[in-house]
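One chain, chain A, appears in both complexes that follow, with chain B as partner in the first and chain C in the second.
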Partner chain A sequence: MILGKRVQKNKIFIFSLVIITGLFLMALFAPHLVSHDPLKTETENWLTPPGPDNWFGTDRLGRDIYSRVVFGSRISLSIGFISAAIMIFTGTLLGALAGYYGGIVDNLIMRLTDIIIVFPVLFLIITLISLFDSGFIHIILIIGFTGWPVVARLVRAEFMSLRERDFVQAIRALGASDLRIITRHILPNALDPIVVAATLSVPAAILAEAGLSFLGLGIPAPVPTWGNILREAHGYFRQAWWYAAFPGAFIFVTVMAFNLLGESLKDLLDS
Partner chain B sequence: MYPFFSRRIFHAIIVLLGVSLLTFVMMNLAPGDPYHLDPELRFNPEAVARWKELRQLDQPLHVQYFSWLKNMLQGDFGISLVHNKPVWELMMERVPATLLLTGTSLLVSLLISIPLGVFSALRKGSFWDQVISSFTLGGVSIPNFWLGMLLILFFSYHFKWLPAAGMRTVGMEFSLLDYLKHLLLPTVVLSVASAAYFIRYVRAGVWEVIQQDYIITARAKGLGDMTILLRHVLRNAALPLITVISLHLPYLFTGAMLTEYVFSWPGMGRWIVSATLSRDYPSVMAINIMVAFLVTLFNLVADLLYASFDPRIKYR
Partner chain C sequence: MTYPLLSVKNLTKYYKKEGSLFSPPEDEVLALDDVNFDMYEGETLSIVGESGCGKTTLAKLITRLIEPTRGFIFFQGKDLISLNPGEMRKIRRKLQIIFQDPYASLPPRMKVGEIVGEGLEIHGLFKGGKKMELVKRVLGEVGLNAGDMNRYPQEFSGGQRQRINIARALILHPRLVVADEPVSALDVSVKGQIIKLMQDLKENYRFNYIFISHDLTTVEEFSHRVIIMYLGRIVELASTRKLFEKPMHIYTRALISAVPHRKALRNKEKFILEGEVPDPRNPPSGCHFHPRCSFSQDICQKERPFLKDMGNNHLVACHLY
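For the complex of A and B:
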């Protein structure tokens, strides 16, 4: 009830939620929203500026950029969500184990975390992509399984401080199993920062996909994603500003909306 | 102090070995071979065997790894399988450009973020604080390669003020101004995200410090605002910032890679992509270990600085 009131008062929270819902609906109803087939080329109309026919202009093959951007939201959002889910799951699991058990378990997990952290993420991802190929599922798994260390550190810190608290000692004295203590007693108390981290993992994953696709290592053409439209635009944006402007603006707004949501959630849960 | 530090060095060595082993295993598990692009080798198994033998790629994997490790420790990173040149030479052609870009950007972002972060914290909730907060939100949200493209569009293409690509004008004699002109846009692009990120930490750090009792005491003693700020606030707020910078470093390198790509900056950015795709094992190993080494070294320095500024660390 009190949280409900605070939510109503927090305009930023509502604002970002509205944008995100809008983006979701766009991805969901993409086939009904587009004016052209995103894959259909009309080479005689290449690089047409925005106009009534092509709202965001056309690309180097005469494809409608608006339709491609709308369809691109499907890839960006699904990668954002599924990868973030993997990051949160892996990070929470490993962070919980390290923080709860300490000692050798903690040491092993933390060294693994360090190794992944000193690798600049994109370098690690590029090395991994050479191992698999760059299909949709692979990109999701790779981004998900390289992004968890930040979450793991956070969860570990929470667990380390919670496991010393009286209520945990009391439950342990009652003979509860480790699994029960972790899942029923410590985890619910550590949930707030995990929720915030989850919200902030989505934009990180979206940016990672965009960066990879921009370098030509992400989802392969002709499937439109915001990142690979920008990659194609890189060779043409001097003549055709709209080629790069619109897909980039969508990445920017989406990432910003999720960052705002995360920040306002932090405020809501803190106070 | 000594045991604390030697444990940190021990951890750093384990991490570096882990990075090299991980890279090695992943590269070798990857399908495809470096010679597969060479049409002369591709259909000639004898030539392939000879080619592998010459580069000791016919040895068992663990032998390859240990001989790589031994040579690397002696400063020999092997010969690039694609360029047929020592990896060290390739690295020396590219690493300085990347370091110039990342170093300048780090410096610029600190020069921007410390004053803005302090100002924001001292005037928390004011109009300018909100302006700065909006900038930090935008800065962490904007894809830097897109920002780079927009800046090129405006400053290079539309206004023709600044060059759009490379590190210097080809064929021109050395001129500092020319270098600076080329450096300006990529530095802006790379600094935006870091500055935004640092401002948040400086603001939060300073805000926490100014609420401490010793600041009230200092004010009660009659110290001037500037003295309090420099002697008490900044000194205490600076410590966490060292850690924040060292944790941010991998992101800086990642950002540099994309920035280099947009501006055709002659650094490691494009090299890592092409070396990985062409399975140039020695180059990929060298790049990964080099970056990991730089990051780890900086982390160690950060720990050392932290420990020497904060006496409580030593007893942990």
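For the complex of A and C:
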């Protein structure tokens, strides 16, 4: 197909896809990829620079940073994906209802999104976390439910324009129910921007988790996440560059790869 | 008692942008102003007017794709506007619409077979193989091949796509088909074929149709009666023969004068329309046509003319009569 050819030609798309696949495999096979227990402390080896035994060096408690970063990818990626899924699901559902029905339904849903959007997300998340305490599930739910308004606005706009198109009116004239019109006729034609939004939601969620963990509001201490390691590294930047550099680089590469994937998907689907 | 197939009473539609907390409502746009007519079983009714006269609004109102500001639509004696969404969906089987733009009116990601068969599925009539059999038959009747079922709309030309639209509407065996300028987007050579097709199908399927057009010549051959509209109002309604033989409204006369090589009018007076259709946000007072009418009198600026029967059900809305 023509799309297949364009995919092959789009180097950025392939490049970012390779990186993301690599990160995935890393998270999946984490136990097989590490030489050290990420939780095991060897205080006599604290802050060892990168070397043959500890590829990324060790942290302030002598734990192997490479092992911690590899295991950390599990938390970061799963939070990224599950939160993004919640954002997309909620955003699509509410955006579709608002865009299709308009009027008072639209007004209610859009005012709700406005309320969420006007709060700086981080403060909102911090407030919510202080209310619900920070477990894995809570973090996912909180990131997911603060991230959907952007998706909802996008889906709403898409639905509003598709709703008026002749082919949708024609289906309505055939006697189709709203559910059928929404799911079988509008949604499939609104899928492109939703896919792009989904891809761009993942790095947003990963960054949110990293930010929370860095502030000490993320997953509690011994469990390694990229944000957690960064937080611990705080204060050791001058003595041990490797402490923050490696988890930081992983966050950077992951977020960049997803963003590039989203952008190249947009190009692929637009043309 | 026999009632009309379709009866439109005081149908009025204003388009307005609703105001919100911070913006006041915008000017109302008059799309349809107090339109009344009946349509009977067996007849083909044409509605003719320039763009912006409310033809498409009327088509969408009759099929209840939009809601009227005021007025009633009775279809087979039932008040459509009072039906709840479930009842309305059921009645849609009998009331179909064909859109003007053959490109915009077909879903881009569905195969022709699914598109044409969807009505059967929606109304729970046929599924699976039986559905496909019917689709095949209808496609054959509109001049397409059974093999076209597995192709996408993009693979067809405008004329063929309009055939798909017709097949989709007819598979439900509707009583009334509202055709909103079904041929105006097509090449001249294809136009005739589609009109011929609709005529033939009308015999086989025994449906009635309202044919909307901006072109009087297109409708002359096959319609029984013609409604002439101007800026949201009916200005003349007559049998096709009467209308072409003895047009009464100045606007109708001008439209007929504009038809090249009309014998009937060659030696008679010529009416050339001047000016443009006024802005429907700010329609002229009295008779909407008065700024362009060479016979305009004082009363035309003040009072709206209502439809008057000039005998033999020839209705005209003009102060001259």
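Keep in mind that, in the parts below, the second predicted complex is superposed on the first by the 271 of 271 C-alpha atoms of A that agree within 3 Å, B and C clash if a C-alpha of one lies under 4 Å from a C-alpha of the other, contacts with A are read in each partner's own complex, and residues count from 1 in each chain.
Everything that follows uses one rule, which is that a contact is a pair of C-beta atoms (placed from the backbone, for glycine too) under 8 Å apart; a residue touches a chain by one contact, two chains touch by 3 or more.
Small disclaimer: the values here were computed from a predicted structure and weren't measured.
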item	value
Partner chain in contact with A:234 - chain B first, chain C second, else both or neither	first
First, second, both or neither for A:169, with chain B first and chain C second	second
Which of chain B and chain C A:255 touches, first, second, both or neither	first
Contacts of A:29 with chain B and chain C, given as first, second, both or neither	neither
Winner by number of chain A residues touched, once chain B and chain C are compared	B
Touching partner for A:217 - first (chain B), second (chain C), both, neither	first
Touched partner set for A:117, first chain B, second chain C, both or neither	first
Which of chain B and chain C A:128 touches, first, second, both or neither	first
Intersection of chain A interface sets (partners chain B, chain C)	none
For the chain A and chain B complex, residues of the former touching the latter	111-112, 114-115, 117-123, 126-131, 203, 207, 210-211, 214-217, 230, 233-234, 237-238, 241, 244-245, 248, 251-252, 255-256, 259-260, 263
Partner chain C, residues of chain A touching it in the complex	165-178, 180, 185, 188-189
Residues of chain B defined as touching chain A within the complex	11, 14-15, 18-19, 22-23, 26-27, 29-30, 32, 137-138, 140-143, 145-146, 149-150, 152-153, 157, 247, 250-251, 253-254, 257-258, 261-262, 272-273, 276-277, 279, 284, 287-288, 291-292, 295-296, 299
Chain C residues within the chain A interface of the complex	60, 63, 65, 85, 89-93, 95-97, 99, 101, 104-109, 118-119, 122-123, 165, 168, 172
